[in-house]
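Letters are used for the chains, namely A, B, C and D, taken in the order the chains are written, and counting of residues starts over at 1 for each.
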Amino acid sequence: MEINVLYYLLPSLVMFCCGIYGFLTRKNMIAMLISLELMLNAVDINFTVINRFIYPDGQEGMFFSLFAIAIAAAETAMAIAIIINLYRVNKNVDVRDANKLQG
Amino acid sequence: MEILYTIVALAIIIFSVLTVTTRKILRAATYLLFTLFGAAIIYFMMDYEFLGAVQIAVYAGGIVVLFVFAILLTTKPGHNSEKLESRRRGWGICAAVLTAGITGYALLSRCCSLLGAKPDMEFLTMNKLGEYMLSTDRGGYLLPFEAVSVLLLACIIGAVAVARKR
Amino acid sequence: MNPIIPLLILCLPLLGFLVLGLLGHKMSHKAAGWYGVLSMGTTMVLAYITAATYFFSNDAAFITEAGNRLQHIIFNQDWLQFTDSLIIRLGFLLDPISALLIVVITTISFCVHLYSLGYMEGEKGFQRYYAFLQLFSFSMLGLVVATNIFQMYIFWELVGASSYLLIGFYYTRPSAVSASKKAFIVTRFADLGFLIGILILSYVTGTFDFTDFTSVQDGSSYAVALNTPMGILARFQGATFMGCSLLTWALVLIFMGGMGKSAMLPLHIWLPDAMEGPTPVSALIHAATMVVAGVYLVARLFPLYLMEEAALMFITVVGAITAFYAAVVACTQIDIKRVLAFSTISQIAFMMVSLGVARPEFHESLGYMASMFHLFTHAMFKALLFLGAGALIHAVHSNDYTAMGGLRKYMPITHITFLIGCLAIAGIPPFSGFFSKDEILSACYQQSWIWGAWMSMVAGLTAFYMFRLYYLIFWWDEPDYGHHKPHDGPWVMSLPLVFLAAVSCVAGFIPFGTLVSWNGVPYHIHIDWMGVALPSIIIAVAAIALATVMYRKKNSLPEKFAKASCGLWTAAHNRFYWDEIYLFITHKIIFNGICRPIAWFDRHIIDGSMNGLAWLAQRLSITIRPLQSGSVQAYVYIYLFGALLLGAITTACVLL
Amino acid sequence: MFSNPLIYFVVIPVIMLLGLYLSRSMAHIRTVAVTGSLCLLGLSIWLLVDYLGLRAAGAEGAMLYRGDWTWFSALNIKLSVGVDGISIAMILLSSIILLTGSFASWKINPLPKEFFLWLILLSIGVFGFFISIDLFTMFMFYEVALIPMYLLIGIWGTGRKEYSAMKLTLMLMGGSAFLMLSLIGIYYNAGLDSWNILDIAQADSIPHSWQYFLFPMAFVGFGVLGAMFPFHTWSPDGHACAPTAVSMLHAGVLMKLGGYGCFRVAIYLMPFAANELAWIFLILTGISVVYGAFSACVQTDLKYINAYSSVSHCGLVLFAILMLNTTAMTGAIMQMLSHGLMTALFFALIGMIYGRTHTRDIREMGGLMKIMPFLAVCYVIAGMASLGLPGLSGFVAEMTIFVGSFQETALLNRVFTIIACCSIVITAVYILRVVGKLLLGPVQNEHHLELTDATWWERTSTVTLIICVAAIGCFPNFFESLIRTTFSADIFKVIGM
């Protein structure tokens, strides 16, 4: 069995779709955030894999993933800060209660 | 290699599914950790050792810990989230499957020409990585690097500002 | 001729206006008054010098070897250039009629200035009053010496404005305010016609200058002639509009301006109301000078009018109807100033008719000369009558004859001078009115016996209503005057009366025809005693006799007569309801029928549609607002749907 | 760059802004505003004199004091400046009104500093607009002039100020949108890679088919600001709610931007379409003239009366511009000058009267002549100027327009000229109605008897304006020749002027 690019992309696709499912169905905001991380990771994997398999001469995909990880860290920190703040207000982390931004 | 691949692929798929299906939020975080490890292993398999290391250090070591703290702060121990109503789950599955279908179809119908074994790649040493990171030539990433550093600073301040008690 | 004196004639009153207007409130009443009187007196002397120079100096610029009088432009300064040929100039045109008019204006104006020292004594706004008088004198002088029709229009508007200011002098009195407003707006409406007429005339001829319209160059001056060498009128050839030639339209529209200022039917309604102004103002503006501007305008353009019989016919008809109408109404008015106002309308209409019937083939346009003659004599005796009325009003503090009666004993000077004025206007020789009116009637009879008979009848009515007024004031029944018996005014008021009365006695003997004629060719007056003069004297005497019978002593004849006239008296008393008709048109039709709907339309339709657009935008945003539900997962569903759709389309397009 | 005198029309206001920013007291603010306005006025008078001198010395070219500085090279956008007689007349007008406006807002309250900041910013836009000959820069200054209006009305206004400010801004922005489209269309279709008005006009290279499309957009775009029927409704509401100085500047200067733009952009650059399509706008503006006048007859709010009268008078400006002949266009520019001055005078006086009586409803006032004779006399003079009394500016402007318009032989032009002439009667009606009700007659309200007459700064403001109005009215040929010589023959070759 020759392991080609498809073999790496398919698990990441599954991971991505799980992220979508989780994001759409969970009510706990932290769980949604976790799903978000899943999707992000799936994308990172794709970048790396495609970089490695198809454009081995450049490093763009790798660096993209690298920065994405850094930014994901920042984003998570922010998101959790916001969630905790919302928790202080709402006494829960249910996303349905965080709808103050409606039109 | 195939064995390792198989294990990692299965682990990623299983733990991803578990992450989003478990009703205990702390467990979800744990499964996420495993998934992240799986991703790190893929990076290692792609010969990007530094990326893999960063994945483990930042994600597994940093983010997941953050999650755990957050979960412990916001949930009572042993508390299960309520069962999902089926309509919600149905729509979620529907969306996920649809995404998988369309993306997968595109992938499968397009990738045939790209299939091939992993090509050789010049080993990316830490020296080189550093040069890439701090050079302004073509293929240099000084600007995003600095941008990210500013962003991180902003996030730190922002997180403190948002979360601090009034 | 040295332009300094003519320039001073214009500048002194203007300076007087500026000085009194800007610094008047710092002056005492006496200082302001005397400044005005002296300024006007100087102007009068200068005007006399100018006129005398023009008529009697035999300068080649003013009169040809053959004795024909010429038009001479003393100065002509470019004021505003529209195109290469259309230039408004401010200048000084000296010709028989302008020389005549500056004499009339400055004389009457001086008399009024002097008279007002007594009449307006102690009034609030005394300085303002004199400033306005000066402004009016300036504007009127500028009007008569205009070298081009646009200069005339400019000063035409200025006299309108100064008339507005003077009528509204007692501005706290609502009736004065509305009268001044009415006067301005009615004449403004007429001026619209004047303006359009000017536009047509200037567009076709390419010039504003009177000398281009009516004259041929003769040395440094111009001689009035029928067919001008520039062939300006030839340019009108064939140009017609709605069945009339363009020239007719232009002339009739220009005459409309004259109808407004000279209070011809149907634009006469402002003049009776204008009597709300101080009486000396009525004497100056609304009897002697401004109201004859329309006559002057027609006379100025007379050679043009001669080209168009239709326009002259129109003038005749309007004049004849107005003369009769005003005379009838004058017979029934109670307010003595209004009687005089209607009498003025009637007399101006006489002048108009006289111009309208004038033709070169009849005694070299006798009517033209007669009209100018009557303008002159009328200015004198009507100013006299008004100033006399002012003295009466000053004495009894009321405008109505019902408050007067038997005054001959208390106010002898006023009585005698007023009687002279009445005799003059009634056309009794040897007073001036007889001569001028006789010329007019002769001119009418030459045109057609219809006009002659009609105007003779009006002349009879004139004699009747004037003596009705005279008897009602000075005879009739004496009301209770209380302790303060009326008495003659101070000498500043009496002097102008005596002076004007003297002029009215002798003015008829001026050989007017040698001074003024339509084309400058001297004309010798000879009175047709048997054909015209004697019958008109008989008519006048008969009318006076009737008035004597009816009004000399208090009796019930007038009331019986009024009752017997089946409503005619009431109708005439109400001026045949012209005011009501105008009120209906302006208020009901224009104000409520046009202005209000337009304002409503603007608020509700135009602005409404703008607001409607805003409302639509707002509704739209309210409608799509729920899409922004605040639920993150809903956003993701929508986003995912869009992303998948795009992905599917891309896939389908690229891969299939 | 700073050797060009024109640039100081923008530099001085900027320095004024700095000065205002540093001001600490009302006295400082007034000093800065008045000194700066005086500098601007002096500069404009110097410019007029120097311009006439240069022309007399035989200076050629459609514009003098030319200068070009690129500030956005990718799109060839430059700061191009240059003036001709028309711009100079407009600049003079603006500086006079800015000065008198500063005097009129002597006691503005609250936030005087901010008020003047916005006012000066607005004047930067106005001056910049009049000196620019680069389409894009011109448009930029145009927007700079419009936006402060929102805040000036919204914050310092009276009555339904938010509504009016919003309406005014939105409608003018709507016009701007048309304008922007049109300007870009002109730029690309002229094919010169230049936004310079003179270049485009001389090349006359916009295809005729495009002109049919671009001309109406440009004309409507500027016409909204020129209060053209049916886009005039911002004017009554906006003026009614604006504070005095803003009304003055807006009606006196900003509405002139509309007329000036219509001439300078729409007609100057697209003479072909102007000739072909003039009839449409002739009808609209002809309606404006009588419509505004009729509407003014029944209003009871002083500012509404004046706003509708502005609609009528500004309609006459656009009307005359569309006649496309030198005399009528000269009249249009004269009318802009004249209307700018007299409407500023009107609004100043209305502001002063309102400041005393606290009402603008003419039914609640009367006999003010007795109470405040100075203001009342000034009001009568303004009214007389408005109804076209000879010797004041209104007359010469209107007569030039009528005589010029009547030179056009087409029936439509004739008919609408006569209709427009009728406005002189209607104007007399509404002016005299106001004068009669407001100033004359008995005193309506006993409390008004205690009111005072004008203060020295109010007198300065009004007397300056009256002198200007009378100067134009008495010596029109000076101004008319300045403007008439400006219409250079070669640019209008298409329309045969």
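Some observations on this one:
Assume contacts are C-beta pairs under 8 Å (C-beta built on N, C-alpha and C of every residue); 3 or more make two chains touch, one makes a residue touch a chain.
This structure is a prediction, so every number in the text was calculated from the model and none was measured.
Hopping across touching chains, the smallest step count from chain A to chain B is 1. The highest number of C-beta contact pairs joins the chains A-B. Placing every chain at the mean of its C-alpha atoms, the farthest one from chain A is found to be C. When every chain is reduced to the mean of its C-alpha atoms, the one closest to the centre of the whole protein set is D.
One inter-chain figure worth recording: chain A and chain D are separated by 60 Å, centre to centre, where each centre is the mean of the chain's CA atoms. Distance between chain B and chain D, defined via averaged C-alpha coordinates, is recorded as 64 Å.
Separating the CA-averaged centres of chain A and chain C is a span of 93 Å.
Chain B and chain C have CA centres that are 99 Å apart. Annotation for chain D: no residues touch 2 or more other chains. Multi-chain contact residues, meaning those touching two or more other chains, occur in chain C at positions 637, 640. The multi-chain contact residues of chain B, meaning those touching 2 or more other chains, are 91, 95, 99, 103. Going by the touch rule set out above, the chain pairs that meet are A-B, A-C, B-C, C-D.
By the touch criterion given at the top, residues 20, 23-24, 32, 95-96, 98-103 of chain A touch chain C in their complex.
Per the touch definition, chain D reaches chain C in the complex via residues 167, 170-171, 229-230, 232-233, 237, 291, 294-295, 297-299, 326-327, 367, 369-370, 384, 387-391, 395-396, 399-400, 402-404, 406-407, 417-418, 421-422, 424-425, 428-429, 432-433, 436, 439-442, 476-477, 480-481, 484. Considering their complex, residues 78-83, 86, 88, 150, 154-155, 157-158, 161, 164, 168, 171-174, 177-178, 180-181, 184-185, 188-189, 191-192, 195-196, 199-200, 202-203, 591, 594-596, 598-599, 602, 606-607, 609-610, 614 of chain C touch chain D. Every residue of chain C that touches chain B in the complex is listed here, in rising order: 637, 640, 644, 647-648, 650-651, 655. Contacts from chain C toward chain A in the complex involve residues 625-633, 636-637, 640.
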